[in-house]
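Quick one: the structure is below, and I'll ask about it shortly.
Per-chain numbering from 1; labels A, B, C and D assigned in written order.
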Amino acid sequence: MEIGFIGLGKMGMNMVTRLRQDNHQIVVFDRSPEAIKQAEGTGAIGASSLQDLVSKLAKPCAVWVMVPSGAPTEETIQSLAGILQPDDVIIDGGNTKFHDDVRRAGELKPKQIHYIDAGTSGGIWGLQIGYCLMVGGDKAVVNRLDPIFTTLAPKDGWLHVGAHGAGHYVKMVHNGIEYSMMQGYAEGFELMSKSDYKLDLGNIADLWMHGSVVRSWLLELAAGALKEDPKLTGLKGYVQDSGEGRWMLMDALDKDVPVPTLSTALFTRFRSRQEESFAEKMLAALRNAFGGHSVKR
Amino acid sequence: MEIGFIGLGKMGMNMVTRLRQDNHQIVVFDRSPEAIKQAEGTGAIGASSLQDLVSKLAKPCAVWVMVPSGAPTEETIQSLAGILQPDDVIIDGGNTKFHDDVRRAGELKPKQIHYIDAGTSGGIWGLQIGYCLMVGGDKAVVNRLDPIFTTLAPKDGWLHVGAHGAGHYVKMVHNGIEYSMMQGYAEGFELMSKSDYKLDLGNIADLWMHGSVVRSWLLELAAGALKEDPKLTGLKGYVQDSGEGRWMLMDALDKDVPVPTLSTALFTRFRSRQEESFAEKMLAALRNAFGGHSVKR
Amino acid sequence: MEIGFIGLGKMGMNMVTRLRQDNHQIVVFDRSPEAIKQAEGTGAIGASSLQDLVSKLAKPCAVWVMVPSGAPTEETIQSLAGILQPDDVIIDGGNTKFHDDVRRAGELKPKQIHYIDAGTSGGIWGLQIGYCLMVGGDKAVVNRLDPIFTTLAPKDGWLHVGAHGAGHYVKMVHNGIEYSMMQGYAEGFELMSKSDYKLDLGNIADLWMHGSVVRSWLLELAAGALKEDPKLTGLKGYVQDSGEGRWMLMDALDKDVPVPTLSTALFTRFRSRQEESFAEKMLAALRNAFGGHSVKR
Amino acid sequence: MEIGFIGLGKMGMNMVTRLRQDNHQIVVFDRSPEAIKQAEGTGAIGASSLQDLVSKLAKPCAVWVMVPSGAPTEETIQSLAGILQPDDVIIDGGNTKFHDDVRRAGELKPKQIHYIDAGTSGGIWGLQIGYCLMVGGDKAVVNRLDPIFTTLAPKDGWLHVGAHGAGHYVKMVHNGIEYSMMQGYAEGFELMSKSDYKLDLGNIADLWMHGSVVRSWLLELAAGALKEDPKLTGLKGYVQDSGEGRWMLMDALDKDVPVPTLSTALFTRFRSRQEESFAEKMLAALRNAFGGHSVKR
């Protein structure tokens, strides 16, 4: 089918490529003319503005927004809201807080513009494998987009999970689980890296992929990374987080649900980004104060 | 090849069955005559005692011990030590603390009896899929057992990971990671179970198996369990632990390695087994003492 | 000096009593006529409405709001905003989120009504010992209230800690620390309660009050509670939280600060209020799925 | 009364001084002749060896061992076991694992030498304030030492808590609680250090000492440290641990008791001593692997 696509970053470009490989008609826009040119190489039709993009689509149209979360997504959707017509659809494929989906769907409703939130997982591997899509919004509108979702996802890899925001909600929880899993592996591999057994971590990760209880896609990636650089000497342990973990933690506070491994995983990331920890200095200061324990100055 | 096999519980019986399917010659012993009879149904040869089992194997022989960890394993190995001859091999396939492997290998060395520790993962699915085997001990002895390991494991599913104890060490870390992963999923699914979106947890688990970052074998099992009983109403949240998690935590203390998600996962299991928590009563008592907050009596 | 006082609950009544003991002139209002009558017994002057209360105070007046946090406080302050005159002062002594203080101070500014936030610690013991007061707002206005703060607090027990909201911010962190300390004690006493040494927990708590590193007021309260009911058999381990812990956790997320003991303490409280834990059922379900481990049904 | 005292380090010297201030007769030994000379300045009698020390004490005698925990304490007690006579007493005042107390008491029993374990809290402030003493062993022997304990401790500051090892057991739990409390304060002060309110942390710590729920001796020390160096710029956040926290965690594993804040506090210390964290590198590697997220190299 035909769809507009805004945002040709790492994720967006791959998604357009995958859609083009399945012969969908894609009209693309990005702030970067080079990115548009690159997308045109896949057979997509470039647009010079949001207005231009919408004008090139048959009515009612659908526009997939794949720009950085937060302000860029918000502004793009606000702009589209002023251009689109009743029965058109906006799909937000980025990492949006589900509360914003609910709000936006409400704001667009009086204009009869449909809103769909599509939590998208798969990272840079999605081009090849397909993207797991968690879709929220009205069922009829979701169904209309079936060909697009079916192309983007691997077999059985997309699902209408619920009303507006449900897609990003499920994606948020997905990412929180991802944090805990990563932290679990990280602890295990750190411990093994300290063992006197001189364990070959890459081979062990690989081994576990064959029949063990902990086999997973993340473990497969771990095997690859550890084989390439067994002591990870080439990396700094500086770990970003893209927001979903915090949102999940806040949602857990809203619902009185204990999420101790999620919080632990998140705090490990915070700590990884601190050059020095005031809390740890405070501990040293206290030990010194009551015990005269020597401290490093 | 030919091997003796002691212990025909859930795991042991399946392993014998898998070995028999590949036409290995197996002599089996178990405390339960019924279990022996069942194993004979697969073509294994029953023995009436450890002595009898050893006498039915050509020299030098190999005996796989697959009895409950702790005292039963220790006693079986002590008994075998009195029966076996130089160049024979004992394989401990259970959940033994790696320190015990090191000790046993040392005790058996003067008798020239070889000792191999084989950490075994795969649970009840191993019969069909194969068992992931993490093997510790002398390389030459490990090589001698190659046909057995190759049959028991799926393709690329066994590895000689290091010296005596290394197999169980790697298995211990494997299980600790398993705890963290399970806890991560459990937190995520609990949160979703409380959502107003009325999410279909089984379908979501299933969805995530297709292209998402958190896909794993545990998630596949989660999907199965949640489809069968979406609210898990049929279960009590009483969670056992078989020891490896504690050992990993103790090893982390030995090596000054932070393992906060492991400890969190372990403590969740401890808490799950408490009818009531003294600590939580203490918190209630303190709140009452300073704030006059009402408490439940 | 003269002050209006709204809210004669457990905390409010004690504060009015303490102010009256120091001969301040207090005009009081509460939804409950009985509470007003009781306060009149301390020499306070009862009012029949907010309007009446304000009319009984000389200009410019000060009104201390001590009603439940959230909607009741918000509504009371909104009502006062419509009654008070320029240069009057509202003091919020409850447990308000500091963002609300900042907002309210901004809303009241055009009306030239002053706003002071006073974080108040001390619980039911404040009547006798005095309340620790953490005060936020304009310095000049804070100074005007010096006689009130000085009476309510013990010696050196009040401080102007910063601009609007700072008082409740510091109180929020205070309460978060309180959670961690309580949890630390609770874990220690639970462990001792399980010891074969048959330890006398009340006596040990008492002992530690004399020269040990862990002596504190909370420990003193613990000693009292444990002497009264050594096994805490009379209590249910059902632990409420009044919000500050969550707010502190959210603030830590805003600032990328790891607060792992706070989150742990908070989640323990969440868990204490669950009849059964979906997460723990999920763990049991997974163990059953991969290992055929028996589960309780 | 008369007592022998071995070990004149920071703690030991202060204890001898305090005992001398109360006119006890003390015979002292230390590896360092200078330390012995210093102790003689308080009126203690120096000894040239353990043998010499014992020979200078009337029978039956008591000897307090206050040397570093682990091997030094063990060796000293083994040596004393060869020198002392039936009915003599050894008191271990150091940080010994309670299992070692139980073992030692058993080893000394055939020789009729008594063994007392005295967990000692108070740090460098004990000289002035007195030491909180948690005493384990036989009641009759403990009673014999009453004058010594009474001098060392502040009023009501020592207690016979149970059988052999109970003193060190209670001290172990005491120290574990200390870790959690310190961590709780450290998190709170770190958060406040990041606040836009530019809070004066030393003054706030001081304020909280007057009537707040979180007042404690540790907080008093915190106030002192933060007033001296408000941003703790002079310190490195490198935090040692002396063993009791680990032992408490291991004991909690033995008893299936959740101790999540203790473990968190302990792991924070481990992390504080890592130049870089393998686990955090692993997280960065995984994020890079699935998301192409930029990593620091």
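Remarks
Here, a residue touches a chain if its C-beta (ideal position, glycine included) is under 8 Å from a C-beta of that chain, and two chains touch if they have at least 3 such contacts.
Source: prediction; values computed, not measured.
Set side by side, the interfaces C-D and A-C show unequal numbers of C-beta pairs in contact, with more at C-D. Chain centres here are means of the Cα atoms, and by that rule the chain farthest away from chain C is B.
As a whole-number value, the distance joining the C-alpha centres of chain A and chain D reads 48 Å. A straight line joining the Cα centres of chain A and chain C is 39 Å long. Note on chain placement: the centre of chain C and the centre of chain D lie 34 Å apart, centres being C-alpha means.
Counting partner chains per residue, chain C shows two or more touched chains at residues 123, 183, 185, 187, 190, 194, 213, 217-218, 257-260, 264, 268, 271, 277, 279, 290.
Chain contact summary for the complex, chain A toward chain D: residues 10, 123-125, 182-183, 185-187, 189-190, 193-194, 217-218, 221-222, 224-226, 229, 232, 234-240, 260, 264, 268-269, 271-272, 276-293, 295-297.
Residues of chain A that touch chain C in their complex: 213, 246, 249-250, 253, 256-260, 263-264, 266-268, 270-271, 273, 277, 279, 290. Those residues of chain C that touch chain D in the shared complex are 121-123, 126, 129-132, 134, 136, 153-159, 161-163, 165-166, 169-170, 173-181, 183-185, 187-188, 190-192, 194-195, 197-200, 203-204, 206-219, 248, 251-252, 255, 257-262, 264-265, 268.
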